[in-house]
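Once you scroll down, you'll see the structures, which are given as structure tokens.
You will see two complexes here that share chain A, one where it goes with chain B and one where it goes with chain C.
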Partner chain A sequence: MSISAADAAARSSQESSPVGGGRRKPIAVRRRRLGEVPAAWLLIIPVLILFAITVIYPLVETIRLSFFDIKGLGKPKFIGTGNYIKLFTDPAFRNTLWTTLMFTLGTTTITVSLGWFLAMLCSFAPQRTLVFRVMIFAAFGISEAVSGYMWISMLRPDQAGLLNSVIGLFSPGFAHPWLGDPNTALWMIIVAASWSGVGLPLMLCFAAVQGIPRTVLEAAYMDGAKPFAIMRFIMVPLSMPGVRVAIFINLLGALRAFDIIYVLTGGGPVRSTETVGYFMYRESMTQFKLGYGAAATVILLVAVMVVSIPAIIQRTAGAK
Partner chain B sequence: MIKFKGVLGRRALLSGIATAAMLVMGGAALAQDISGELAILQWQGGVDAEMWAKLEADFVAQHPGVTVRELAITAQGDARGGIRTAILGGEKVDLIINTWPAFRKELADAGILRGLDDNWTALGLDTTLSQSWRDLGISDGVSYGVPYTYGDRSGIWYKTSQLKDAGVEVPKTWEEFIAAIKTLKAAGYDTPIPMPAKYWAHGEWFETLLLRTGGVEAAAKLAAHEIPWTDEVVKTALRKYAELLNAGCCGTPEQMFAGDWDMSADQIFKAGTGNFLLVGMWVNARAKGEYGLTEGVDYSLFQFPSLGLGHDDTSSVDAKELLATSNGANPDAADAFLTYIVSPEATKILADYGYASPSSNADTSLLGPVQQQATAAVAASKVQFVLGDLLPGDLVDEYRVQLQKFLQDPSDANIDAVTAAIEAKAAESY
Partner chain C sequence: MIGRVPNWIVWVVGVIACIWVIPIIGIVVTSVRPPADVTLGWWRLDNIRFTLDAWMRVWDEYPLANAFWTTLWITLIGTSATMLLTPAAAYAFHFLKFPFRRTILVIIINAFVLPVQVVVIPLFQLWRDTGLIDNILAVLIPYVGLSFAWSIFLVKNFMEDFPKELIEAARIDGCGPLATFWFVVLPNSLAAVFAVGILQFLWCWNSLLLPMLYLRTNIPLPVLLTRVSGTYDLNWDLRSVAAIVTTIVPLIVFLVFQRQFAAGSQTRTGAKE
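Take a look at the complex of A and B:
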């Protein structure tokens, strides 16, 4: 039932599409587009210039720097792929790859699953949960540095910390240095980052659920579907586009994570929370090894592209 | 005239008058000639920034033709990244405030600094700064830095009532210090030293222990990598550090990694759960300003206990200095400011903010009792700059991480592993 409803919705969408029937029109369309080329270029050139200055130039410059040995204010020395070779033999960098993977998977899993679950709940009573949704989304708008300082006070190592005092209700005198313990520090950062990040998946999934045509849901009710069946066969599958976008955005954000780590642990203790983003900052800004930091940036860029290009291709294909 | 002839001689008299006239006229000319904009690269915040504003205002009052422009670098913690970015971005200033000797060398190697050896005497710095202070500002044999304030980094802060209540005398020897830790633990303090090992402050203990073990010569050689990190003097210092840890000074490594020095200060002066803190003189301002304590009454400091290894007359110090640039637009005004910063007027402003000055013009009686005590201790010591600020950037990072690993396991085997790891990094860094 649900499948047929979805199919119907899809068919309806195709029929109403302006390019839906389109294999016979290309010649006319192409001619018209060619005729528009000068005007199109005129319109697009300012954007291209801006794009070249703000994106292409820094990108090319970063890649160029990654082939140089630069220490502080000293003169750059061309070393070819030396920085890349050194990176992959540097135990500190290899450690950051693992930490980044854990952080990325951890935050993405928590934020997207929690955001999706809350979206499902909220979708049963959209009006009544408005304030709730706004409050959760507000955390997304808070700077990670600010939320980091809030989490520092919550995770204080003594009994005055919120987490310790809550656990202390059941185990008097409990005090654990959550951010000082290499075994718990990364998990605490994942929790802190997820707290502020859950608002976006909530909104994306909620929007996806709200986008389900009412006719589909009404048809399901009329056919006697139970709420669980409606959720399983209609709401869950049709919320997946929102989930995919949420996963994509969270993956990108997590790969580049820096602020919350800087504030909460500074990459420690003993480098246990140092991600590629933090490593990049440490090498480039603290030690001012710009070439080495640039090489780490390029690696991060490749990782981001590996994640984003399939998603972009998929979204673009969907747009056709 | 005859009298004069008898005492001085005519030529001597004339040359004296001429010299005096030149000095007077030269000084007047100097004061008149100085004009235009003086650009100072300033990265300090809070009270320090306020103090700098006062210093600049006072300088301008003395030299009305000069205007001061501050190139403010906003930074949390290490400001060198911001300073480098500003310089690489094409900013040109006349003076740079600096506190890292390794950074001074980097700037000098990049040709940004102006050597002061030729002007040192003309600027009057030879009479206001002793040779040992001048030496602190030298890189590769050239005087660049004019130190204007310094701090004792081998003083251990404590709250007087805690020691008194526990029946502990201020420890003078290492053995007394270890015994005091045990007494304080018995009195209910779980962590007599709330070790701030989150970032860098755990290195303070090692650095003074290194000085007291090998002296300033060994510390200087280690900073220059003229001896390896696997040298016995480094291992001996770490073994002394291990004695402290094994006496139960500091809690678990996780507790040590949880906080920086400010949290340790809170534990001692606010929560009253810890006793000793080895860190710089800025604790003085925090104790007075944030905790409302009275200097010398509620809290004090004692100099690092003696180890009896022949180097107990050494202290670790930090200092801030002014560096003159080679590309600044107004070298005359920069030179005038270098003279001013060690003048009686400037040292008084520094003292008002609780900062000691190395200048002979400084009146130490203006300082508070704890600051006076620290100043006297430094004056009586062979001093060595904080090791962490002397090391190259990538090495200091590894050094601090390896010291964290040492705190996790202070065994002899791990001391070997930790020193070998730092040495491996040092081999690439120099």
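Take a look at the complex of A and C:
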């Protein structure tokens, strides 16, 4: 990089017309240049405008709206914390909190533990498992709308659903509406979300293990450590940074989940698979209770912030 | 790695990997077999015929071509805008001094925690009042605006390794702040800008919630797919083709650039220092 950087610097000082003159003719009249502060504002002003429209304004407005009663196009009425009180007395919302917790913990546990386990196995034979790793990681690159559709077809309620057919091998004629039964729908969404998610922890933990210096492993081998001991005392502890990152990414992603739930069940049956992130959409965009939906969004925001506290502290401290 | 690797390890990973691609194989097979042959499941072998009928018909049955162009168009504009604006801002935050620099920076890079649900209601009202509903700007503006939290963080982190001597040299040679950015810093930050571009490309292409709410006539592929994929629509072959068309471009981009993606996605969610 340093060579190309030097090259670019050289090019810029020799060829580009507005700045090149200074070097060869030091006495030449200095061109007027933009000062540091105006230049900085010029560079960040488009970012600031877009950021203000899409982050600052929505954030403030969502919080403000959560204190109002708004029905459709009617005039907003200030009701203080009324929406929040209503939320916590609404059985549908309380069920939503439970669903969100189950979904978040379920997907994170399955995704991270399976991904980590596979990463450990792959670390023993990095070359021979390359193709398999790509196959599992590929699911992560498929958009949620499409993976949702794939799982709809896998979980069809009749014999043409693969899951029913596999179970049908043991009990002929088995047919269960996996996504239509409130007792199984949420679990199927967790399975579908985990299916796409496993690739990321796999890659993160695998990269962490691959980053262990070869000399460390060779030293352990020379000291007579068996493969299991190497795994237990070197690979497992040194893969933990990867695990932490993966847990955080999954928690954050699962709390915000919308697409996969919308595609697979649309929150149903009987609102049994609505998470907070979906409840907010339903109340504000299909029932047009904007204030009520905004209050649910604020609850979601608080949950996301709590999970992100370590990352926020880290980022703020690192911003120099 | 060390010593002899037992074969069962490779076998376990291999079997899991094969189970993992079953849903993908499922829709590919469904898309090339006549519907009559697969009423009992796409894996049935009792009547094997190959047909591209669904691949021909789908373009007439669903507005798939139109959705494809809409998606491509939105994605390309959204990606280029982010790739253009991000390095400029990251450069200003990292190399220039101006009032409130650190405050603004801290606010921007911490916005990564915001779920997209936060923008849904306020922007819906804003676009309704300004008449932008059903205009691609209604999704482009949030796509670009919401990307800065992670993209500026990623590019600025990359710039931290940039040799200060070069900036000094450029200044002594007569470069102003803008010329330094354009001729010295930008050409050497292309790797980071490219990584940002890939993440943004995938995110724009795959998003569902915002275009579903803000676009009506020209809808992108994921929205079209959800409209045709209710459980009781029986055109499994056509819908499988639509699903493949929806995901083939981002999947290829993802697989080709997976290294950049894995590195970038850590930064995107703020888990990396």
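Keep this in mind: the second predicted complex is superposed on the first by the 256 of 320 C-alpha atoms of A that agree within 3 Å, B and C clash if a C-alpha of one lies under 4 Å from a C-alpha of the other, contacts with A are read in each partner's own complex, and residues count from 1 in each chain.
Here, a residue touches a chain if its C-beta (ideal position, glycine included) is under 8 Å from a C-beta of that chain, and two chains touch if they have at least 3 such contacts.
No experiment lies behind these values; they were computed from the predicted model shown.
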Partner chain(s) touched by A:Leu118 [first = chain B, second = chain C, both, neither]: second
Which of chain B and chain C A:Arg282 touches, first, second, both or neither: first
Touching partner for A:Thr297 - first (chain B), second (chain C), both, neither: second
Which of chain B and chain C A:Gly268 touches, first, second, both or neither: first
Which superposed partner A:Ile44 touches (first chain B, second chain C, both, neither): second
Greater chain A contact set [chain C / chain B]: C
Which superposed partner A:Gly197 touches (first chain B, second chain C, both, neither): neither
Chain B versus chain C as contact partner of A:Asp181, first or second or both or neither: first
A:Gly106 touches, of chain B and chain C: first, second, both or neither? neither
Overlap of chain C and chain B interfaces on chain A (superposed complexes): 157, 179, 284-285
Residues on chain A engaged by chain B in the complex (per definition of touch): 72-74, 157-158, 176-182, 265-266, 268-271, 282-289
Of chain C, residues touching chain A in the complex: 1-3, 5-6, 9-10, 12-14, 16-18, 20-24, 26-27, 30, 38-43, 85-86, 88-89, 91-93, 96-99, 101-102, 104-106, 108-126, 141-142, 144-146, 148-149, 152-153, 162-163, 166, 169-170, 173-179, 181, 183-184, 187-188, 202, 205-206, 208-209, 213, 221-223, 225-226, 229, 231, 236, 239-240, 243, 246-247, 250-251, 253-255, 258, 261-262, 265-266, 269-273
Residues of chain B defined as touching chain A within the complex: 78, 80-81, 84, 87-88, 103, 106-107, 109-110, 112, 197-199, 252-259, 267, 271, 273, 393-394, 397, 401, 404-405, 408
Of chain A, residues touching chain C in the complex: 1-2, 4-6, 8-9, 11-13, 16, 18-23, 30, 33-37, 39-44, 46-48, 50-51, 53-55, 57-59, 61-62, 65, 118, 121-126, 128-129, 131-154, 156-157, 159-162, 165, 179, 195, 198, 200, 203-204, 207, 217-218, 220-221, 227, 230, 244-245, 248-249, 252-253, 255-256, 258-259, 262-263, 277, 280-281, 284-285, 290, 293-294, 297, 300-301, 304-305, 308, 311-312, 314-316, 318-320
